[in-house]
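Common to both upcoming complexes is chain A, partnered first by chain B, then by chain C.
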Partner chain A sequence: MGPVNEVIVLLRKFSIGGVLLVALVLFPIFVFLFKIPLLRFPSSFYWFEVLLSTLLQAGLSAFFSVLFGIFGALGLCCVFPKYVKRGGVELFCLLPALLPPLVPVLAWVNVSEFFMHFPFSFSAVLVVHVLMNVGLVSVFFSRLFCTQTGDLSSWAFLHGVTRWSFLRKILFFEMRKDIVLIFLLVFSFCFTSFSIPLLVGGASGQTLEVFIAEQLKNPFTWPEAMALFLIETIFIFMLFSLLYGRGEKNVQIKDKKKLYLLPSLPFVVLPLLPTLLIFFGLADVFSSKTIWHDLSIIKLSVAIAGVQTVLMSVGAGVFVLFLLSAVAFCLRDLFLRRFLVAYSGASAAFMGFAFLLIGSDGPIEVLLKWSLGLSFLFLPALYRLMGESLLRRLKNQIQLADLMGAGKVMSFFKITWPQCASTFFFLSGIAAFWACGDFAYSSIVGGELGHLAMLIQDLFASYRFELATVLTWILIFIGMFCFSLFAGVAFVLRKKSYL
Partner chain B sequence: MSYVKNLICNQGDFTLDIPSMEWPDEGVSVLTGPSGSGKSTLALALCGLKKVEKGFQWLFKDQDMALLSPPKRNISFLFQSLELFPHMNAEKNILFPARARRISKEQTQERLLILQGYLQLSGFLKKPVHLLSGGEKQRVALARALIVKPRFLILDEPFSSLDEKLKKNSIQLLKKILEWEKCPTLLISHDKEEIESLAQKVFYIRNGQLQSD
Partner chain C sequence: MKKVYLFMVVFLSVGFCLLLWFFLPALSSKKVLRVMTYSSFVGVFGPGLQIQEEFEKRCDCRVKWIKVPDSTLFVQRLSLREDGFKTDVVMGFDQLSLKTAKTLKWKEVQIGKSFFSPAKKFLSKNFVPYNWSPMSFLSRKKMEKISLNDLLEEKYKNNISLPSPRTSTVGFQLYYWIWFVFKEKTEMFLKMFKNQLYGLSPSWSTSYALFQRGHVDLSFSYLSSLLYHQEQDQKDFYFVPFEEGHPFQVELAAVSNFCTQCDLAQSFIHFLLTPDVQDLLKRRNYMFPVAISPDTRFAMESVPKVDLIQYDQLDSFLDRKEEWLDKWDQLMK
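Up next is the complex of A and B:
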């Protein structure tokens, strides 16, 4: 009876709402489980080659991102104390990671076309992943250097330690855990990346996600797809379980310390370059004279696609807001929150096919499927981004409110929601912005509808980069509009509260 | 007298093990000991915020508190960090427990007036908590802890963040209000001055075990 009792105790610990919420997030797996009698590995070993290639791609992408990111951070450390405000530069560096992948990829392809035809291959996936992540890694390490190494660098400087010795023997050694942590984070992102290999991977750049999507196209190979998806999910789940709570350092910068031995100005080009290339790649298109004529031909489709993009994005934002609130209300249980942090999100392909299999494909249903599916896809990443740390900060307050006799509902509406609402609206704005640029998931569910990102991807696939770039500008404006709807509410809420 | 029996709380490599403990039903009892000795764990376990092993009993005024859920124990806890709700003003902070326990408005207002007098709160009741000084925050947290007339009060190093002068004033204020309220209190502290001024009984804890009464 021992183990049975333990299971009963464990089940009692979960709130019903929490279990339901997790079931909701995992529902694509359930949809396929009902449709698939058993799991099966593909008969040929091609899947294993794809797995190895994905591991190699993710490993190299993460390695180069971390390597360039650390040196980029040394450059950023040099810029910050003297010349400019930190927030603006950091946002500039983070743009490639924050923009929907379609936007930076198109810009970088445009830039590369000046010199050569863009190589749609394994190496292209690698380069795009590094360009997307190097700014993010640089910002992370620059904050870490500024907060953790101030006194250490002064001490080493006073003792005559050379810069290279300081970096090699002290700094990298001290930061080895953080280096491994950020490596694994970037690795997991590159391992599960779907839209980038789909855009630039070609035949040699196929990843496990793309392979799963291909298996899902044929109902006879669904058991294979399910088996591969479970392998991928369990692998990422284990990775994040290991990482849970280990990288929680305070990287809020309060005072400007002089950093001896660290700054190296030339390296600042590393985190800034990808964003500069995005602006350069997107700006060049306006020099073309035929572009406006081409645009006028498809203006009606663009207008319809634009309206559908707004509806889908706002819908995704609203659903994310609801899901984040549900998480805050239901998941007071550490185990379930840990699950959400560790869960990388269903693959876009899997989510797409799951939604394709349920309900009808009328325009309203498809719009709802787009919004709901994207909110499911974005939820784990957004929760990891800010949600988890926010809820952790409120732990003591909620415990105290419980002790004071406040019920779950009162705790949520009087303690949790007033302190989280602003952040939740902001995160919903990010979700709305990301949703604008999705084409991988929505093209699977699409039916007869099509939004702007799908139109851009069609143009991209047929090498009409100029027209695709003009539409990307429209996409960015729509994305900013949808983001500002939510961010505006977040701003008002923050102003109104004492926080 | 209040009796605690078989309080065992396992936390990985640390175990709090209190076979028995007793303290008077009124006045201030102090729990002292070095950092990491289990003082706060003991306090949290008494509140029901830490999981304890089966067999725990806490007989308090003819009732076994261990059988009650944490809210029903009606214990007020003052965290070291005070944990004031940052999105509320001082008054809303103080009134929160009364609203949570659905105490009538008239009763709450009456109680607030009394506490306002004792703790000199009137100057800053409408201020948001982030604008309050350390001493003011302390008084708001104390008022919040006392507004519902708790059965038992636990104070976890409440003066640790105050300077010497403010600490002296706060100790006097606490002494005055606890004498008037007659609320049995467990104070966690390792400050000699606090112990000498407030304690009626002192417990010393080390490595999760009580050393002597």
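Up next is the complex of A and C:
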């Protein structure tokens, strides 16, 4: 089927709900198009250099994350089912991806000091991105390897196939589409990453997102910012449209099998190392004598900021839950699903300024803007992570229900929701965890309120670097609390499965 | 399942009650003065909350802070909406951001105070200085007067931390200083200076944290940073004197043309110059006072004795700001 026919098929399958959802997600673009009727490219071609540098950074980050992730997965396959319970190990590996970017960045700055290595550069952005993603990629691949090639592994083991041949001819060949998909996921995350290049990029690590935020600072360069943002969005959109469609396949869920031929326990260090580095990097601050005294001075502010963080994070989780449910309700709308897979999401700066333009800045409005804006920012990434594969699996059941005359509402409540609720709650928990550490978006909308991540930023600016690091631990605990609220519901729903 | 839903209902209800508890003050009928400033000024260790408390006692009004991540965003924030977010006062401009600030309209402010000379130069009918500090590199050991060229010595290689001029006003002050001293040789100096840098961080705070933690010998900061170290009884921090003179940062406040409480805004700016607030700014914002107080608490003798550079060529530097910043990025890569 040619691309034109494909677009026609997509357009035939759109629904009003889907269009509304797309409009909602694209809302910052509409707000800015209304404000800036003209687009203009920056006069110098420096932006093009930044674009190339961002491509290189995202490409290398994704390459190393996938490379280390594949070997880390082999190590993780070894952990199952032999040693400790796998869930705990997986959660430990996933932690850097769940933590707000501020946390691994702080840890990296602390850890890098031991090596006396220049911490603000292109390579620092690369290292932090790999640290954040390698655990996630390892867990994904380990699950895939064990479910998809476990049988082949025992067969190859019995027939004396060498490890290298198995790796090359079976694992890489069979998994090539999945490798491309996961590479794309990490690439898009690194390409649109804002906080990390801003914090550790220095002059050489500047990315297009940071450059756009720079252009947004000056009202006279907003048309340039808009033009660059559209280039970035269209680029990611085309990349996913071209590669994701070809990469997708219906994953058959099989039982997990041990990989006989390949696993090598030492590789398990790869996905575990980033989490260990983060804990190590954040641990040394407790040795300071003045920390506890300073902490006692600001305990009330910490408590207030903590409550605001919880409200914002839970709010973001609830909004993500609603949005994911709305997407699931419109799951026949292929256009919406393709859009969400291919859309990179608005940049934090754009989202912030768009929300500033609407409504007032009263405390309740600001809290709602924080939660709603963050849910819009996280939705595309979370949907790509688990949402799309889940909804794709329900396609046949929905078609059957349609044939038997079930309405949309009935299909949603009797088929889609019972099977998706647990995953949606889990994804909302991730959104809540991410939200609690955001400062790039929420500090723009800010107003009078201030949550914990903003307090940490303020402490940095008041000479209190170590106190800020201590508060990062509190931030992690609050994030875990918010995550566990949603993950707990997800666990109960999974136990009480309708199936 | 019922238990799960019950738990969620209870959780959301508790959240709603907390919201009401937090936000009840917002419902009071008092006049509201809206002051835009950078967020660390209103942070737990900043002077903002204490200034707010004292001013509210005098004016029978409520001060509402509009926190902006950094001072480079003020003009953008005010231009974003037609009502400028009904901002009454903006505080946090410096000499280098004045040119951009002047693209907007500002109310006139009548000030009858005497100012210390470095700050006095930047007092205009619209912009009022409220604190200042000379800037230089800070070191962990006492140093004799050196020149900027001495920074290229081998012992400083990978030993200097700086904030980026693109994202930090402190970094931009340094850039102006280098340009002021070297003019057409600026590029040549920067090419060599690049090798001396341990880090080019996004903000002054991160750059200074590297210095505080002992990873570099020199960091570009304020002379008034020493006020913090004195307060903490940390004695090993010194200001490095330079032959070429020093840049300095004067922070300025202004009454916005969007103001709805314009009289209150004027009195707020006067309030900033009272001896008590000037003292508070010294203790909590770690910047020097600008107003000579009648009670001689801040007399001419209290002005730090350092040679300062001139800002009379600022316009020719700022006219090519973007070009200079692009050049910096290219050179530092």
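Basically, the second predicted complex is superposed on the first by the 370 of 499 C-alpha atoms of A that agree within 3 Å, B and C clash if a C-alpha of one lies under 4 Å from a C-alpha of the other, contacts with A are read in each partner's own complex, and residues count from 1 in each chain.
We take it that a residue touches a chain if its C-beta (ideal position, glycine included) is under 8 Å from a C-beta of that chain, and two chains touch if they have at least 3 such contacts.
Please read these numbers as outputs of a predicted model, since none were measured by experiment.
Look at chain A after the overlay: chain B and chain C fit there side by side.
Of the two partner chains placed by the overlay, only chain B lies in contact with A:401; chain C stays clear of it. Of the two partner chains, chain C is the only one that A:489 touches; chain B does not reach it.
In the superposed model, more residues of chain A are touched by C than by the other of chain B and chain C.
When the shared chain is aligned, chain C comes close enough to touch A:214, but chain B does not. Touch criterion met: A:204 reaches chain C, while chain B stays clear of it.
Applying the stated contact rule after C-alpha superposition, one finds that A:410 touches chain B and leaves chain C untouched.
In the superposition on chain A, contact of A:364 is made with chain C only, not with chain B.
The gap separating chain B from chain C at its narrowest, counted between C-alpha atoms of the superposed chains, is 14 angstrom. Overlaid on A, the two complexes show chain B and chain C touching no common residue of chain A. Listed in rising order, the residues of chain A touching chain B in the complex are 396-397, 399-407, 410, 414-415, 418-419, 497-499.
Interface residues of chain A, counted against chain C in their complex, comprise 44, 46, 109, 113, 116, 118-120, 198-199, 201-204, 206, 214, 216-219, 290, 297-298, 301, 304, 307-308, 310-311, 314, 353, 356-357, 361-364, 367, 439, 443-444, 446-448, 450, 454-455, 457-465, 485, 489, 492-493, 496. By the touch rule above, chain C contacts chain A in their complex via residues 1, 4, 8, 11, 15, 18-19, 22-23, 26, 39-40, 42-46, 64-69, 72-73, 75-77, 79-81, 85, 100, 158, 164, 166-167, 198-206, 208-209, 212-213, 215, 225, 228, 232, 286, 322-323, 326, 328-330, 332-333.
Interface of chain B with chain A (complex): residues 47-49, 70-71, 74-77, 79, 81, 83, 85-89, 96-97, 99-101, 128-130, 148.
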